[in-house]
Every structure is written in structure tokens, then in C-alpha cells.
Amino acid sequence: MSAPAPLLRRATVEGLGTAALVAVVIGSGIQATELTRDVGTRLLANSLATVFGLGVLIALLGGVSGAHFNPAVTLADWFTGRRTSEAHTLRDVAAYVPAQVAGAIAGAVLADAMFGKPLVHFSTHDRFSSQLWLGEVVATAGLVWLIFGLARAGRAHLAPLLVASYIGAAYWFTSSTSFANPAVTIGRAFTDTFAGIAPTSVLPFLAAQLLGAAAGLGLVAVCFGRPAAAGEDEVTVPHGVQQPAAPVRSTEESALAS
Amino acid sequence: MSAPAPLLRRATVEGLGTAALVAVVIGSGIQATELTRDVGTRLLANSLATVFGLGVLIALLGGVSGAHFNPAVTLADWFTGRRTSEAHTLRDVAAYVPAQVAGAIAGAVLADAMFGKPLVHFSTHDRFSSQLWLGEVVATAGLVWLIFGLARAGRAHLAPLLVASYIGAAYWFTSSTSFANPAVTIGRAFTDTFAGIAPTSVLPFLAAQLLGAAAGLGLVAVCFGRPAAAGEDEVTVPHGVQQPAAPVRSTEESALAS
Amino acid sequence: MSAPAPLLRRATVEGLGTAALVAVVIGSGIQATELTRDVGTRLLANSLATVFGLGVLIALLGGVSGAHFNPAVTLADWFTGRRTSEAHTLRDVAAYVPAQVAGAIAGAVLADAMFGKPLVHFSTHDRFSSQLWLGEVVATAGLVWLIFGLARAGRAHLAPLLVASYIGAAYWFTSSTSFANPAVTIGRAFTDTFAGIAPTSVLPFLAAQLLGAAAGLGLVAVCFGRPAAAGEDEVTVPHGVQQPAAPVRSTEESALAS
Amino acid sequence: MSAPAPLLRRATVEGLGTAALVAVVIGSGIQATELTRDVGTRLLANSLATVFGLGVLIALLGGVSGAHFNPAVTLADWFTGRRTSEAHTLRDVAAYVPAQVAGAIAGAVLADAMFGKPLVHFSTHDRFSSQLWLGEVVATAGLVWLIFGLARAGRAHLAPLLVASYIGAAYWFTSSTSFANPAVTIGRAFTDTFAGIAPTSVLPFLAAQLLGAAAGLGLVAVCFGRPAAAGEDEVTVPHGVQQPAAPVRSTEESALAS
């Protein structure tokens, strides 16, 4: 296991990955809208494209930055590892989150450019109701339950497949079509297309997502019990291999790295 | 291999997993109904969301409880292992099944809440005909054939992918759209939406499912012959590793744990 | 590696697997026809259900019988291994092929029964044109190229995923929607539903399939060169492990067994 | 690891694989057009068939030729490895690229033949606008970023799944539906069907693809830093195994070979 990449490169990768994710989400929504009037078929295309794209991005970039692409995940990761590892500093959070948000906006602009839309046109799509907020709580809780639960189960290498699959389900089973990501939510405000969200609807979505992330960590604790002592979950390290000295990446971060 | 989790935690996980499964099934059905009038497109969305969600749940929770989420599977598991393992007691069955049923009802209520439906509104969707019952026999027989056959074939680690895929096929090739699960059937009676089933149609479905489970165990015996002596199928244990003393989880339960 | 199952059990498994495959193909076609008038959506459902179902059947049963479910594959397997292994006898072919055909007919009857159709009603769907026959040649050539090429490439363990994926593509890119299987073709003559084929169209399809199988073996030779000496491809056997004495299953058969 | 196949066989495999890929793309487009008038459903079928077919072709043929099927990838591969390996010669490029182009045209003719279309009928589908060219830049950049990034990340064995998934996303999120391949673009000019492109639109597409390939290599450098010394990435070689003498296949080529 080589040393983690420098923080600048990791943050750059978070920005690029989030940009690509948002371009997939928004671009496929525009394409689908142009090709069919059946909204069900539109969401089928939009969700399948996201499943394919997100899985690819996590598998490609997970080994560099952890492939969070999501401030809710970065914060949950910091919260979970804050006492057990020197690698989980607020300095990482302070680099990742702005990179994710900037990347998300860039991704929205890129998608609009590819389809000849105004590069920035704030969405007029109101998504403002208590049932949508409940949808976001559920969607983000499920996402965090999955990501951090896989780490606890020693199955973090399945994250690219399973996180992508989860989002494919959550597009459909949550009333909000599962934004589940503060950075992506902000980026989606910058396009007035299928996947957009009116700027006035953004803040409650962010609040619901953070609430959901906390609930997701609660579900992890209920299902997997108290975390083992540091390193105990890292079942993939062969016996006889010396653990590297600190700074190490925490269990959860490795998990995200798939 | 660590010791199995305490029964209380395993039963809780069965309840949470079944709740999530039912929320996926019902929620995606509601979303699809709101977005398209083409019933084929609705079932495409409903079935794909279930494939994605079920695979994730088995992979995430299989290591804790076995990820049955299904009384027919729990009963077949008890029946198969009743003479060969101390771990297969009726006490487990008595904890799992009520947790599964309660979870299923909770999942239905959650789905209704996310979409602004009445939290409990019994379904008016009659599913009462001999051909639907035959569909349920076939659907459940196939599911049990798969789960317990994989254990016999030493491929239980593929269960998350294959059980999810099976349900994706069975939604379409069985006339009943493959409930194949007594707990989920009961949960689906609590919502008057796309995936619902009228309470008066529930009992024959449960009977057909139990009949199908028995047929599925018969198919396993026909295809894989008499079971080997205890432990002989557990090909994943490396040579030289000491088997843990009793109580161990049986072959079948490990299989479900993927 | 344990000894192969007795021929009776292997042939039974071929029959059961082919029955299940045909029930999936025909059943999902009926369901799709009942739910939508858009023929594109029907074939999407029909093809995705077949992908899911076929992958599951190969993974579940491949270790017992090789999971041919297809006389063209059984014959190609016999032809390829006829000089190098005692296990490839015409006796196997004579047991597998009738079991596959009987299973296919039983699967058609089962699907009709689940959907309340007449149990046997010969199809009135003419599929009789030279371009459809070319489609069948291409479809079967591709299937045989894949199955026997994977064995040569040492990737036979990927057969459940890849054979299912191939059929998912071939439903769409061949004009005949890729029957590619003489037993399944015969079975599909017994139902007058979406997936049916008029009995008068069957024989040319069978001829095209056999021609395609031969072409597929030619493609394997072009792409992978002359076969290595016996056993040389069996890269999965760890060094130092003694090969079992004859009768062994040939490379190709092991390949199919995934 | 055996020696690489002779160049003639490798080039033949590139031609056959590209032919099959183009037959899948064009054939599924024709089938979809015949079955539905909903263009969204057509592109769903077209993209899913391509995902299934491309994944199969890479897994089947990657071990022989590297499974480029794409002059942009072959050129990027030559460019990346030109200083570190004797295996990356222009002679390889000069054999691969014509084989890919000839294969692509043959695949178009085969698809037309299967569906009873004129064997060669140049497309009348204009795809000539700056936003489509931006789409092609993005599509090819993403493809090259993925393929060469996976090699750098030591995950080249996932290429069949991930490259296919990427194309499934790119069909939808790029405005050009992601040709991303000069040979396939030329082949698609030979058919006047759903997937066709007017000959007058071809050249700018090729230019955009080459630009995108260069951008993709830039993304690899940004995300993964300077390449390690020769061989350092080849993490799959067990310790103690002697590396074969030159000529070896470069890291990137092995990556493509999955």
C-alpha cells in the first residue's frame, strides 16, 4: 500500500470527480428530455446513466481521494474517524468540500455547454415540500449506512458497484429522486433543465441531507455494534505484512477508496 | 471468522433490512406510477429499483443476520439445518419472522409517508386467482432453489448479485410479479398503491409461497444430491484453519450471508 | 475438484435449466405484452428478464452439468473435445439433447399455465426470411465464439455474467432477436405468445443455428490459434495439485461450468 | 504469462472485435427503430445493447490484442508507452488502425444485411455542430481518462465492466451520444439508419476525438501524477516471479487486455 497522495491532488480529484458526476446527472437528464415525452422513460435513462457513471468514477478515483464527491460523506468520514486517526483532520474537510462544490458547479456548466443551453441559468424547478425533505433524509441515511457499513463489514472493495446500485434504487424509491449530496444539490441549481432545483429549494435539501447522514451513522451503529479498536476491521491486510506508520488513512476512508 | 452477532442484533437487522426492501418496492412503484401511464415502463422501473436495492441490502447486511428478509427463507433454513447444527433453533425463527413482518409494515408506512400518501391505507388491488398462486409457487421455488443451491455449489458469495438478478427476472416471468416473500406480502397490504395487494388476497399468497419453498428444497435435492456431511461444502475455509467450536452457523446460513 | 455428477443427474439438470430458461423467455414476453403496447418496451423487458434469469441459471447449475441448456453448445462441446478426452462421448450428447428439448417444451407449458393461456397452442408467428436466418447464424456464431473463446482465454469463470450479457445484446442487434438455441426454438413453437415461433419456421432456424455454431468454432480458431495440448489452458489449477485421473471433464466443459 | 500473439493475429482480432462492436451499435439501433417510435426508448435499447456487447468483447478478446477497437486508444497507447517499451512501435499502430477501420465498415455492412437494408447506403444524418463536437471531446477524454487511469490505479482487470459502463453513461450525458471512436465513426457513415452519421460530418468528429484523447491523457497525469518507473504499476505480478525478457507489453496495453 503506497502513501496517500498529497492533499492538493486529492482535493483536485474530488473536484474533477464531482464535476464529472454532475455532468452525467444533468447531461443525461437533458438528453432524455429531448428524446421522449414520457417522464418515466426520462427518469429510467437519467438513473441508469448515473448508475453507470458513478460506479466508474468511484472505481477510477477511489484509490486517490476516497471518491467521496459528497460533503455529507466527507463530514461523516471526519466525524467517524476524528478520534482514532491523525489522517482525519479538519484540514482535509476544508480542502475537500470547496473542491466538491466548485466541481459540481463546473459540471453543471459543462453539461449545459454540451447541449447548447445557457451556461448558467438558475433552475425554476421548485422542490419545496416536507415529503421531499423526508425523501432526502431517507436517501442520505441510506447512502451513509451503506458506505460506512461496508467498511465495518470488510466489504469496502464492493463500494463502486454497491454505491452506484444504491443510487439507482434511490432515484426511484425516494420522493425526491435522491439528491443525497450537498455539492451536487448546489450544482443542480445552476441549470434550468430536467435535473435542476430552484435556488430557493436548496437550503432545506442541505439540512435534510445532513440530518440523514447523522441518521445513517446511527444505523451503522445499530447494525454493526461499537467499532472495533483501530485497525481491527482492516481484514484485507495479509498476515505478516507490517502496517505503515502514521499517518494512515482510517478504515472508513479506505473503504471509500474501494 | 468472528462469532455471530447476538440474536437481538440479528433480528433487528432483519427488521431494518426488510423495512428497507419494502420501502424500495413500494416507493419505486409509487414514483413510477406518478411519472408514466405506460404500465410496462412502470414495472421496468419498479423491477430495476428492486434489483439494485435488494443486492445492496444483501451485501451490506448478509454478514450480520444472513440477510433473509423473508420468512420462507428463514423457515427453509431452519428446516434444512435442523439436524446438523445447534445454531438452527426455533428460537432464531421465532425472533426473525416477527422482526421481518414488523419491518415490512414499517417499510410500507415509510414509503407512503415519503410520497404524501395516507400512512396506512389497505390495498384494494385484488390478486386472487389460481394462476397468480401458481406464479407464487414458481417464484418462491426458484428463489429457494437458488439460495440453497448456491450454498451447495460453494458459490454463496455470489448471493447478493444472483438473488437480486433472480428477482429482476421473476418480476417479469411469473404472472404474480413474484412477491415470493410472506413478510413483504403482508407489508404490501398496507398501501393502496402500485405494489399493493388487497388483504383478502394475502392468505393464499402465503400458502403458495410456503408450498413453493418446499418445492424449491426438492429441486435442490434433485440437482445437488444428498447433502455432504457437515462442513464438507464449506470450501472457503483455508486449509489449516481451525474450525470454531459450536455454535457455528450452518452452511445455508453462511450462504445467505454471502 | 470433486468427480462429475452421474450422467442421469447431469441430464436432469440440463432439462430443468432449459425449462426454467424457456419459462423466463416466454413468461416475460407474455407479461410485457399484457402491460404495454410499445413493442420496444416489451423487448426491453423481455431481454432484461432473460439476462437476469440466464446468468442466474448458469451460475447455479454450471458446476453440475456445464449449463449448456442448448444442443448447439453441447454438439460444439463434443466436437471440440472428441479427440482429447474420454469424457466427451456421444453418450453424453444423446442424454443432454433430449433432456434439453423436453425441458424447453415443459418450460413453455409452465409459462402458459402461469398466465392462463392454453397449455399448448402452436405459435402463428411466422419467422421465415433469409435475413432472419442470417440473424440466427450471427447470433449462434457469437455465442459459440464467446463460450469456447472464454475457455481458451482462461476466463471461463466469467461465463455466467458474459453469456447472459451477450444474449442481452443479441436480442437487439440480430434481426431474429437471437434464438440461438435449437431446444429453445422448439419450445417456443408451443406457445402462441410474444416469444413464439410458428412450427413451419423452426427447421430453417435450427439449420442456421448449426451453421452459426460451426462458424463460431472457426472464429475461436482464428482468434486463439490452435488449441494447446490437453490441460494446458486449465490455468486455474494451482501448481502442485495433482490432476484427477480420467475421466476428466474437458476444458470446454469446465468452461461452461463457470 | 504467455508471450503476446503474433501481430497478424492481434490485428485480425482488432478487426473482428471492431466489426462486432459496430454490428451491435448499428443493429440494435435498427431493431429499436423498427419496434418503437419513442426515441428515448430507442436510445435506451441502443445503449444497453452496446453496454452488454462491448463488455463481452473486451473480456473475450482483451487478452489477445488488448481490445482497443479504437484508433484513439491505440494512438494514446503508443504515445504513452513510446519511450518505455520496445513493444510500442509504430508498426503496431500501422497494423491496428487499418484493421479497426476495415472491421468497422464490415460491421456496418453486416448489420444492414441482417435487417434487409442496402448493404452500403451512406447516412444522411447530419451531426455537424459545435456542441456535438464538444460532446465528442468530452466523451473521448472520459474514455481515455478511464482506460489509462485504471492502468495507473492497478485496476485494469476491471476494464471490461467499467469501459462498457462508461459508454452506457456517455450515450446519455454527451450531446453527441458518444461516438468516441474514429473507426466506429467511419463505419457508422456506411449505414443510413438510427446510428448513422453523414460522411460530411465525420471529419470534425475525428478531430474532436483526437483532441479529447489528448485531454484524457492530461486528466490521467493530473489525477495520478507522473508515471512510476517501468513495471512499478504492474501490481498483479506475484513476488518472486521472473519478468519475461523484452519484448513485453506495456502497462497500458496490459491494462486494456484486462
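Letters A, B, C and D mark the chains as written, and numbering starts fresh at 1 in each.
Following the convention adopted for this analysis, a contact is a pair of C-beta atoms (placed from the backbone, for glycine too) under 8 Å apart; a residue touches a chain by one contact, two chains touch by 3 or more.
Just so it is clear, the model here is predicted, and its values are computed rather than measured.
Think of each touching pair as a link: the shortest run of links from chain A to chain C has 2 of them.
Separating the centre of chain B from that of chain D, both taken as means of CA atoms, is a distance of 40 Å.
Centre to centre, using the average C-alpha position, chain A and chain D are separated by 28 Å. Within chain A, residues 38, 41-42, 44, 48 each touch two or more of the remaining chains. Judged by the touch criterion defined above, the protein chains form a single closed ring in which each chain touches exactly two others. By the touch criterion given at the top, residues 38-44, 48, 51, 129, 131, 134-135, 138, 142, 145-146, 149-150, 153-155, 158, 162, 165-166, 168-169, 171-175, 177, 219, 222-225 of chain A touch chain B in their complex.
Contact residues of chain C toward chain B in the complex are 5, 9, 12-13, 16, 20, 23-28, 31-32, 35-36, 38, 41-42, 44-46, 48-50, 52-53, 55-56, 59-61, 63-64, 110-111, 113-116.
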